[in-house]
Amino acid sequence: MAREIITLSFPSRLELLGMLDKMLEGFVEQMECDEETATAVTISSIEAATNAIQHGHRRDSTKLVGMEFVVDDDQLEVRVRDSGPGFDPSSLEDCTDPANLLRARGRGIHIMRSLMDEVIFEFQNGHGTLVRLRKRLPPHNGTPR
Amino acid sequence: MAREIITLSFPSRLELLGMLDKMLEGFVEQMECDEETATAVTISSIEAATNAIQHGHRRDSTKLVGMEFVVDDDQLEVRVRDSGPGFDPSSLEDCTDPANLLRARGRGIHIMRSLMDEVIFEFQNGHGTLVRLRKRLPPHNGTPR
Amino acid sequence: MKIQRQDSGAVAILRVSGKLMGGPDAEAFQSVVLEALGQGRRHLLVDLGDVNWINSTGLGILISSYTTLRKRGGELKLLNVSKRIESILMVTKLNTYFESFQDETRALESFRAA
Amino acid sequence: MKIQRQDSGAVAILRVSGKLMGGPDAEAFQSVVLEALGQGRRHLLVDLGDVNWINSTGLGILISSYTTLRKRGGELKLLNVSKRIESILMVTKLNTYFESFQDETRALESFRAA
């Protein structure tokens, strides 16, 4: 099947994450992927969107979070875009280090990296963050995903 | 609250209507609108999207259906856009006429008109159809919808 | 869409689940109906309790089956109709054709009484 | 998010439903925990069976409560953890802190045994 792209954009309000969750549920359902992939994609997409809303846009609902779901035969990529200040991914602390284990925050990116095959951050000098979450898909039976 | 717009676009495949349905479920849930409004918006949006896929794009999955959910304080408008040939809404037969009641098709637009407050079709001479589905919202208690 | 058939006298009970939305579902549904007819089930009770999703095109599937059955003196009735499907039946006035039940025993009795 | 509290000896059972995602939920959760502590419930059993939705920020709420309780010699355990929440607990290694049960009676007994 040729590449398919679904796009979504919504105001930066945490309350809209419930809608995103439902949409993802329908999305992975119709992709007919295995449960592990479904869980990984859903959880990671929500973590990335949470960060775009909270850190990228500081919950300013006039700013839009942009998402793209790019489905190819052999992989799925979720892109999450915000127009915030960006950050330095290399400076993150390890949340599974015993010293950090009981901190209330700092787990989102670790969760994405644990569940997805690849997590790429792209920054445009103060013009925003693009997170690309990739998951390889097992060979499929030929019907459209 | 200021106007909020959520946008969605997806390839013209009927299988993706399940995802749209889930997303709408999450959307009306977070709007906290009454059940009648929720049902009306969900059913009508799906009918309009079904038409965009089937009649507008003849299920050509390379063509994208575009949707916008525009939330104002006093009304909600769902816009559904395709790039198909358009049609003449004035030539539709009444599906509730006894003579037509047992036809297998021809009910989508009637359903939209029955459930929503206003249904507007806009055509751009062979460049597509835009359906605007409007529902007035009862006064709200002030928290964001 | 998935369909499971279960018979009770002259009535075939079709337990539908998933989405009912025309296209490929129409043929699958029609073939189950024809098979039931061929095996002497004149009536159809369609259980929509596990149908989370229907559109007007899916409604067309029920109407086609209704017409097929009526020609052979049979009836089509509905079981466990959700609020959403109820709304669609109301505004399309199809509730005048499709008798609908929330109780399976009563639904089956109604066929026998006819 | 909604919380219902029900006590069993020194254990406050919190039945959470809806979304657990930080922000306003954090304060609401914290105040129920402090109230239970103030009324002599040292332990917390958090029933997540009706939580359809959690993110890492929501997890932070549980961690803060865990820390609060530990300072007072109490425990926080989880009940009815879904596969999704289980996945998040695993990759963050928080399953080493949060003991988790699928059976309420057993969960309550585990507090008494301690």
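Chains: A, B, C and D, in written order; residue numbering restarts at 1 for each.
By definition in this document, contacts are C-beta pairs under 8 Å (C-beta built on N, C-alpha and C of every residue); 3 or more make two chains touch, one makes a residue touch a chain.
In this text, all values refer to a predicted model and were calculated from it rather than measured experimentally.
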item: Remotest chain, subunit A as reference, centres from CA atoms; value: C
item: Distance between chain centroids, defined by C-alpha means - subunit B, subunit C (Å); value: 26
item: Chain centre separation (subunit B, subunit D; CA means) in Å; value: 41
item: Multi-chain contact sites of subunit A, meaning residues that touch two or more partners; value: 18, 21
item: Per-residue multi-chain contacts in subunit D, two or more chains; value: none
item: Pairs of chains satisfying the touch condition; value: A-B, A-D, B-C
item: Residue numbers on subunit C that touch subunit B, as the complex places them; value: 19, 21-23, 52-53, 55-57, 59-61, 63-64, 66-67, 83-84, 87-88, 91-94, 96-97
item: Contact set on subunit B toward subunit A in their complex; value: 2, 4-11, 13, 15-16, 18-23, 25-27, 29-30, 61-62, 144
item: Contact set on subunit A toward subunit D in their complex; value: 14, 17-18, 21, 35, 39-40, 42-43, 46-47, 50, 54, 95-96, 101-105, 107-108, 110-111, 114-115
